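Below, subunit A partners subunit B and then partners subunit C, in two separate complexes.
And now, the complex of A and B:
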């Protein structure tokens, strides 16, 4: 019973010995019993194994460095084009037609609004669902089947392309399956809270009755409150009160009726640039409060947030499930054995231990939602947004969309500020990921 | 916290003030204790024809035995013989296993333990369990012991502190941790962690202590500490211990039950079982011939 020798040389040396001694045929039973199943010749030479190991390591290094190199190349090219265009203007101004003054403030704020709202909706939903699936498993067969089906669905939904969610969001949240269409064919929402509607008139005049002391000809805007979006138009007459748009806000002024034909402005674009809303012409406009709410949601912030929720909900559920599963069962047993209710087990033991994992998964999912373009492209469309969102139903744009918009323009200057925008987006994403790493590290060191 | 109003029920049966705590007396021989009080034969736990299954696998087959009050009862037997299963039915920890079910009678005093209407929260307060592997929560030592009382009682900070100190003293770990009550429990040694787990269990004022191989993950020194602790605790608690260690069973227990393949082979007072077993299988097992 000699110990198997471990080197290749010995294996080749013993070759002739085997040939002279045919085994296992003319050996007695006792000899067979004493024989070990280890044949020296069957032992592989170690140098081929070591060589394989070396080559495998080289391949790993090569693939890893390839991805790092590509990333480095991308970063360098973005940095060289983007850094010169990084400026305070880029951060704080609206996307003007002139690339020198253009910025992504509305897109930045749109991203913040949509993604924070998305996180606010998604985190409770996703974590709650994961807790239900992991910690409150039903005991009966039917319940288990249903839970299995839910689990299967969630796993599948995680792999659905986000553009599909965009189409779903368009149907479900933007138009709400057309369930709330007005019968008169007007495009306005069925339910509306927090909006005041006006009829807006413009007047090129120096009117001694309305504006004493200032005699130069200038354009004036008057707003007449109306009952609803679809009310009949107001016809101004002498003696009515209107609101005039001054820089600071709305000021009440008395009206002297003038011949409507004479108040037609000569230059439409001029009016556009100085109208109260800046994007609306004379006509029916509305001023919305911060709590403005409408059904259907339309192409507002809330529809965007809900659509992004569809995209990241499966990711958050699955990562939370993983985090909950990683909590040792002995801790649950200890808490149960002390007389905790299942909810007390979850709240006092399982969740605190799972928080680092949940936070990491959630922040990664949210940073994914920051970078999502396709669903937003479908539900928000490329619209020209000059201001940050003011309420949940406001129009918005997000940074990836703004970058896409700039890149698709022919002028070289826009490509440069697009590179600057990419840098800002990257900075936000990296900050989020750094926060995730920090939280996980902090929580884990606190737990142990 | 449905039990918050029933505070008196939850109070440990020992005085809480550490000054009134009787000093640890040297472990007396259990046989002497038995002879001194031969009349104490109240049954705390009664089981009749208890059978249990995991799915289609029968783990227990018609077990009938009584566990006497304020005594240490040891369950011994080879691996897979069902002793842990039986233990886990006493506080219904088996409910966490989806496929587990049981038939027969299992009563703690007047409480039917197998009824689906049994209040598991109150049951598990009355029947505490200590597991094989020390499993303190990843919290501070104080938080670990305070966990149970906070679930069941509405306490002032000072009252909570009293219970924590009482429990830690009772579990013979107070002197080692009193200066670092707010240090993480996972920083303690294995034996200290296990005694902390015992302190955590008795902090809710249970009547019965179930111990599922409490020393199998510990070194001999910690094992000794826990055995001495059981000797102390047996005056206030009904203790059921599952063990693979024959010496431990003979050292610590008053009664011993030997299980084999889901059946109760023999149950008797410990001395009789170890000196004069009636069954051949028991004799083979305790003499180390199999298992």
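And now, the complex of A and C:
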């Protein structure tokens, strides 16, 4: 009933506005037509329009609920497989070949090492770049061109697939463009800091060619420090002090060196257990401090952290830029008017007001680095790591990589613990997201 | 009387403070300028670092791909014109990249078949129809979807979607492009949705009001006014989503299979470019063989495709932004 009225009103209303001759004629004809009370065509088209609107609204609601349903379906399917395998073992043990005892501990620690190192490197770099672009805009043409190029570059970097960053990391960080390959045939890295190398000897008890007849003597290992990885092997002498690895740490022990082919070893258990074959070849081992550093990096923690840095750097830059842009220009103008230098404005005014936004963006970026699998898989490969990383160059695995490893195995049991691992991973990421949302919420309420 | 004494005392205090401020040692201006310069140089270094990243990506890909093409087994015509990818087994190795590209496009196509219509419709709903309450619950849900690691989607594809597809139609093999495509589609859905919603929201309200004021229904306003006005934004959202789908790695590595072949059968397996890279990196292939360098050639192809999509997408979006600001 109201529909034809509406149409007629629309037509008559728009008549005086449109001044073009043919159009207004058309419109007035249409108006005359629609003023006849039973114009079926008009009623039908209006009805169809309203019906279309209704149907579209229904389709929209259906689609939107479908997306929620998919999320729910995904969560339920992972929860039902994963919850039974959640256990203390899963969190604290190493990824044993037997699925009952397998756990995530090395992967958890690997994620902690890699992602915190990555955050430490990326945050200053990313925030610095964003400050440069937003707060130090140049006035000359060349500077502007360069800034435009940097901005364009960052936008495009954000769209590069993470697997390509993995390829870059493999070449640039793991093998360092093969620039530091040792050509003199020696194994090991070119540059090494923070490692002490030892020559390791065992006592006569384990000598396969020598039967001392004394079964009381157990195997002991003695360590002699050497200057470098490639130093000449130590020749043990009687009376030298060697280190022995005990529960209390390294203990110095005087040793006795003999040549068993010319001298008869004594049969005393104590002496025998400290006796070393002078002619035997030692094994070269090294103890590394947590700050152990080498070039090239190899497949160590730092290569992973740097590769993840490449992935999340554009994300952090873009979110920081948005946070800086949200700071009102009046604050900057006031600080500049008081005589501050540009950096003083940034450090004392802009950055403090942008901190919540920067933190939100950074937390989300770091949570992305926690979930990132492909670049780590490219640089580290599928490796079997049984212990948490001990230093910056140690081999590592991360949680998503361990989960991928478990999923790609054929046995059903591994899929269950993979689901358990996914739950742990999702719990960590949800915590991160919740913190970010909380900070954003507080920021918004503060602004209001 | 006491009031004046108070004011006097206050005045004296103020005077003292001012004198303290004035007698404070001035900062050395040269030092300040020097520090300013130093910090600015550091920031410039940060900015140039991002250019360095792009430069080194291109350098690494070009130089290692050049190494790949120096092998006698590899020819340019074989790489660009053949669709037979057989680098690991057999006597005659063949490196026809089209086999991998077709697999990638098949998975991407299936993904976009799901993600684009659903994403755009949901974006229209969120932007034009949804009441505030629904919006406030849907948007965080989408953000959660966007934050889930891709390996989880891979698990979902392999453990849930594939069995479901096999239950529907028994022709699906364990690894198939359909389930990988659906999972990639779910992954891209939030991207399409939030970018398209941004584009719809950027349409000025006066257009919306005008269309509604002329007696149009919301559907009329959306289809005839708002979507055409936001079309470039929606297209750029789609291009960025396609770029993301092409570069997606873990889902296809887990669910799409590892046999490189040209097929349009979604029930069959097909290897993608990213899937091949994961296979090489995760396998026991030696670090300096022809297979290892083929990974760089594939990465170069992938990088070229995604970079051009990203550049075109961002270009369209920027152009469109200028019209309304």
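What to note about this one:
Simple rule for what comes next: the second predicted complex is superposed on the first by the 290 of 448 C-alpha atoms of A that agree within 3 Å, B and C clash if a C-alpha of one lies under 4 Å from a C-alpha of the other, contacts with A are read in each partner's own complex, and residues count from 1 in each chain.
Quick note on the criterion: contacts are C-beta pairs under 8 Å (C-beta built on N, C-alpha and C of every residue); 3 or more make two chains touch, one makes a residue touch a chain.
The structure presented is a predicted model; accordingly, all values stated were derived computationally and were not measured.
In the superposed model, A:200 lies in contact with neither subunit B nor subunit C. With both structures placed on the common chain, the touch criterion links A:319 to neither subunit B nor subunit C. Contact with subunit C, but none with subunit B, is seen for A:371 once the two complexes are overlaid on the shared chain. By the touch criterion defined above, A:328 lies against subunit B but remains apart from subunit C after alignment on the C-alpha atoms of chain A.
Look at A:336: by the touch rule set out above, it reaches subunit B but stays clear of subunit C. When subunit B and subunit C are set side by side, the one touching more residues of subunit A is C. Of the two partner chains placed by the overlay, neither subunit B nor subunit C lies in contact with A:85. Once the two complexes are laid over each other on the shared chain, residue contacts for A:163 go to subunit C alone; subunit B is not touched. Common to the subunit B-facing and subunit C-facing surfaces of subunit A are residues 341.
Contact residues on subunit A toward subunit C in their complex (touch as defined above): 6-7, 10, 14, 49-50, 52-53, 56-57, 59-61, 63-64, 66-68, 70-71, 73-74, 77-78, 81, 124-126, 128-129, 131-133, 136, 147, 149-150, 152-168, 170-172, 175, 177, 310, 313-314, 317, 341-343, 364, 367-368, 370-374, 377-379, 381-382, 400, 403-404, 407-408, 415, 418-419, 422, 425-426, 429-430, 433, 437.
Subunit B meets subunit A in the complex at residues 91, 93, 96, 98, 120-125, 128-129, 131, 133, 135-138, 147-148, 151-152, 184, 186, 197, 200-201, 204.
Residues of subunit C that touch subunit A in their complex: 32, 35-36, 39-40, 42-51, 53-54, 56-57, 60-61, 64, 118, 121-122, 124-126, 129-130, 134, 138, 140-145, 147-156, 158-160, 186, 189, 193, 214-220, 222, 240, 243-244, 246-250, 253-254, 274, 277-278, 281-282, 287, 295-296, 299, 302-303, 306-307, 309-311, 313-314. Considering their complex, residues 137, 139, 144, 328, 330-341, 344, 348-349, 352-353, 447-448 of subunit A touch subunit B.
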